[in-house]
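Lettered A, B, C and D in written order, each chain numbered from 1.
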Amino acid sequence: MIGVAVVGYGYWGPNLVRNLWEVPGADLRWVCDLQTERLAGVRSRYPSVNITEDFDEILKDPKVDAVAISTPVASHYPLAMKALQAGKHVLVEKPMAASADKASRLVDEAARRNLVLAVDHTFIHTGAIKKMRELIDDVVGDLYYYDSVRINLGLFQSDVSVLWDLAVHDLSIMDFVLRERPVAVSATGTSHLPGKPEDIAYLTLHYQSNLIAHVHVNWLAPVKVRRTLVGGSRKMIVYDDLEPSEKIKVYDKGVVIDSRSPSRRNKEDQLRVGYRTGDMWAPQLDLGEALACELREFVSCVEHGKTPTADAMAGLRVVSILEAASKSLARGGAMVNLEGVKCLA
Amino acid sequence: MIGVAVVGYGYWGPNLVRNLWEVPGADLRWVCDLQTERLAGVRSRYPSVNITEDFDEILKDPKVDAVAISTPVASHYPLAMKALQAGKHVLVEKPMAASADKASRLVDEAARRNLVLAVDHTFIHTGAIKKMRELIDDVVGDLYYYDSVRINLGLFQSDVSVLWDLAVHDLSIMDFVLRERPVAVSATGTSHLPGKPEDIAYLTLHYQSNLIAHVHVNWLAPVKVRRTLVGGSRKMIVYDDLEPSEKIKVYDKGVVIDSRSPSRRNKEDQLRVGYRTGDMWAPQLDLGEALACELREFVSCVEHGKTPTADAMAGLRVVSILEAASKSLARGGAMVNLEGVKCLA
Amino acid sequence: MIGVAVVGYGYWGPNLVRNLWEVPGADLRWVCDLQTERLAGVRSRYPSVNITEDFDEILKDPKVDAVAISTPVASHYPLAMKALQAGKHVLVEKPMAASADKASRLVDEAARRNLVLAVDHTFIHTGAIKKMRELIDDVVGDLYYYDSVRINLGLFQSDVSVLWDLAVHDLSIMDFVLRERPVAVSATGTSHLPGKPEDIAYLTLHYQSNLIAHVHVNWLAPVKVRRTLVGGSRKMIVYDDLEPSEKIKVYDKGVVIDSRSPSRRNKEDQLRVGYRTGDMWAPQLDLGEALACELREFVSCVEHGKTPTADAMAGLRVVSILEAASKSLARGGAMVNLEGVKCLA
Amino acid sequence: MIGVAVVGYGYWGPNLVRNLWEVPGADLRWVCDLQTERLAGVRSRYPSVNITEDFDEILKDPKVDAVAISTPVASHYPLAMKALQAGKHVLVEKPMAASADKASRLVDEAARRNLVLAVDHTFIHTGAIKKMRELIDDVVGDLYYYDSVRINLGLFQSDVSVLWDLAVHDLSIMDFVLRERPVAVSATGTSHLPGKPEDIAYLTLHYQSNLIAHVHVNWLAPVKVRRTLVGGSRKMIVYDDLEPSEKIKVYDKGVVIDSRSPSRRNKEDQLRVGYRTGDMWAPQLDLGEALACELREFVSCVEHGKTPTADAMAGLRVVSILEAASKSLARGGAMVNLEGVKCLA
């Protein structure tokens, strides 16, 4: 049995607890939060789990092998570092840290101590994203673009901008499904509430190939949208996470270069590009809960010393891009090079 | 009666002809196209209209007061200039010219000769856009953002990029509905077919206030989307041009700053931003054909020496932004200042 | 404090328990189910609640004032009757009983003993249905039709047909929002699995006025639909329960009789009926959980001896229509008169 | 060349004329309408076509081989009969006649004279319906149900009810895609405007097998719906004619009888019915205009003496069901037997 503790019982922590409680091989020993009133809920639902406001108490428990951290972003680094230094394996909420430098130190610490350091990129464990990766590898052909819209009304964060709050999902998904790493990033955005971080942002990722990726995130939208388009030379994908079923649709559509004969003048020129329209297909998806799948993998990695799908390097790559995007945003969209970023090379 | 000639009978020209034919006060005298076979259709449908391949023949006809030009972009400038120099009033297809410099010369020529120079920004004559302008003026409050997605499969143009082909619609709409002019532009995009212009592009417009505007245009999308979001302090709008009815929806949604008491630590901080959700409302729209409305206005402006809604300056402003956007795109998204652009000041 | 017991902890029972646990003034004392393994979940979540497999144990507890019954339909009557006879107030799952005769006996027993007998018509406590009633009373005008589609794949019931399982929702809603009672019913439908009850059914309700109501229920549909149309002389409503927000849309659409002049022959005759199309409007709805609202009302009715919104008579009316519909279905759609049905008079 | 005349140039006639004009092998000689002002449009667009108000003039022209009739329903019989008696082949608008008796006489007259008598069931020539027939034959398995909703605001007809105006489309489609004929029909409906025919109706078709078909038609709906569900033992289809593409979706969904072991009491019983959910697939459809395809077939049938897809018998079957449905509607939904109807046997 792997002894596990959960730190942070706010928005996401209860999901970690509920799922860890069911993972075979996991022994949920502690839940820690600075706000005592939150812990009351733990006691009534999981009477056998210990509760505490003191993080150190957890680290001192020799039966705790691993710590899952779901606290505000600023505390990810100090808590994860302390846990690693105490010899605990760590699963940390995304984004892994508030800066690439801090994320990088966590990577090093975990490597030095030979500990599992996983980052909670939940989406990559959904049936939809696993299918999307398969489709991109097998049927989409040369990748043309990846375009995601992730907008809704709220939930405003005080500590991080909409980029670090919402675009982190898209970057973690792209890190998983695209086999190429971006070489530069441009971002624009703005804040509308005095003293608050950006609430709307647009992010372009540039690649060595002619792939282009774009993410639109917005906390001030009247409608909720969670839609990604992926275009390739052979197929195109629409991934709509709000669809109750048929989240992934594969279109046999595209452009064909018509090399027939010499063209004629004017409008006729355009006809040399033709279009292909065929069937649409919505594959059946694995409907298992992503977090359950992720936590089973984490516990198994701890047990057998394996590397999780979203390992510390994935967390670092995502944070590095977010950092570069924030820099670009501050410069009005100027391209910020990622080529010097070691983890992305 | 105002004597009118239509130049260019390809994709859009037949719509001009069909509508001009019905405009009271207009006498459609000529249709001109370089391709004789196209003109055959004119003869059978409108036997009283003269057809010609020779543009000069039209200019020589003293009964022609005005010329409507719907030819490829590159020819807008030479044809419009020649027509103005021949003393004809001009309506020119959008974008008004292939460069800001050329557009500017057309503006000057028309002013010098006291001729009407209108640009065919068709969308601003639709019921939906007229209603949107009203709503922005009256109910939206402080403007936060304007976000448009205009994507579909094809129609590839050889002579202009997707920016000049599709974003021109959004820029002409924004020019009409927003009372503030942009101060800078950032754009990214790429081409996927060898030797062809950009087929996907993202455009951010920056404003003096904290308004931000963004346009996503794409010729390679598996689905057709025509959707604009407008966010303000008091109301939010969704404009979906593909909806058969209810194209405009007004949401009584927004953010309210909750200034209650001192905040508590952590997550609680976030609660100081609250949300307002109220009714949604889809106003009934004027369903008249936009082009008919536009052409009636053009003929009336020629008759009475008035300025059309989309005048030469509007055409110039839109072309100036397109030109700056192309420059930014070539520089990977770097912000290109529009403050020196006289027409936008 | 009102002492409450929940009987039946299968599909719906846990919702009753979870909500009763939070109702001020309610003391949840017992949960009863014949399957011991289900009760294990109760013990871990609600340690202070007693569990039992023996219904009589509950009835013997003098601190139990009211019993909520969520068991299979066939057992509603014996359990509710026993509870009433033991002097307990009762809330019973819909349909109230397996026949109008049994439902009627429950009505009488409760009346005789002056006990509250409520039926769990949950939908009428949703914000959407409360708003629909308001709209029908205030803005719809003369009612023309009520049309509901409630289809999806599964959940097959063994004991009752799709009419008793799904149409019961629509009938309970209509009983609440329409101020007129039906005078006859016609139903068609069929079963596709050997030995199973009807899995698809169509139900028409006839009214004294020219209102017509229709319900389509189906357990074998590839898509889930929950959509009701209400047409009236002044406004029309679309209620789509699957919409995350904007569940209720009010259309200012309708028919106007054009009494202009004498008509001309042929097609022209049709023009005497004109159409009115105006704004659409989606009112903000109360988002409280319906069941919580219903249970608070039930407890309050028990405490103060009041009549609940969905009282025993409402339950009886719904069961009477279901019974008549089953009869009509067996006769291939022949109209079954409801005029003799006392509760509907 | 087959000489053709079109009779009736109101709502649908112009489509016949436009398409016949392009059919290879057809010589469009006449357009006839009682209203002279309508014919003006014909003269300007098709100067070579003769126009007349006198039907007999057409019949006297020996170069007219075939007559296409698109006049109000009441005149279908007298005009088609007269044309057949004059030795002309006939294509008649749906419904073929105002009663089964009249339709039957047309069938006989055409047979006796060995003339082609086709009925304009346009939908069966669309790519969507041709694909649906293929799917029903090849992949759907045993048919469970056919359910269609065809509703919108208007267009009120004075001469026929909504059944004869809208349900005729569904009946003609079913006649084409289903290989089984109905044995009985039940219908309900009502009228809401004084002196006008039914504006809302519900139609159930009963079959020898356990297939059930249902059609909902309504002229008073605030939204337009054109949606058909087809359920079978192996696949299910959703046909949404308002979808711009993907009109046909095929769902690999269904019910599986789980014959495992003895069941346990209560709820467990239900588990013996299980569900299968697999991929969804939208086949690419033939996008040709249905009417063009139908008219090419009609002209070819006249030329080579072949039988059209929608022949006089198909027209008669549809009218027979409409007549029975009207009878059932008048009786409040009572089942009207179709077994005695010869054409359906």
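Everything that follows uses one rule, which is that a contact is a pair of C-beta atoms (placed from the backbone, for glycine too) under 8 Å apart; a residue touches a chain by one contact, two chains touch by 3 or more.
Since the structure is predicted, the reported quantities are computational estimates derived from the model, not experimental observations.
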### Message
Rotating subunit C so that its CA atoms sit on those of subunit D: what angle is that, to a multiple of 5 degrees?
### Response
180
### Task
Average the CA atoms of each chain to get its centre, and name the chain whose centre is farthest from that of subunit D.
A
#### Entry: CA centroid of subunit A to CA centroid of subunit B, Å
38
#### Entry: For subunit B paired with subunit D, centre-to-centre distance based on mean C-alpha positions, whole Å
43
#### Entry: Rounded Å distance between subunit B and subunit C, as computed from the means of their C-alpha atoms
52
## Note on the structure
Where subunit A touches two or more other chains simultaneously, the residues are 277
### Task
Under the touch definition given earlier, write down the residues of subunit D that touch subunit C in their complex.
10-11, 34-35, 72, 144-145, 147, 149, 151, 153-159, 184, 186, 188-193, 196, 200, 202, 204, 206, 210, 212, 214, 216, 218, 220-223, 229, 231, 236-238, 251, 253-255, 257, 265-267, 269-270, 272-273, 275, 277, 328, 331-335
### Query
Contact residues on subunit C for subunit A in the complex?
44-45, 47, 224, 242, 244
#### Entry: Parts of subunit C lying in touch with subunit B, wherever the complex brings them together
245-246, 252, 277-284
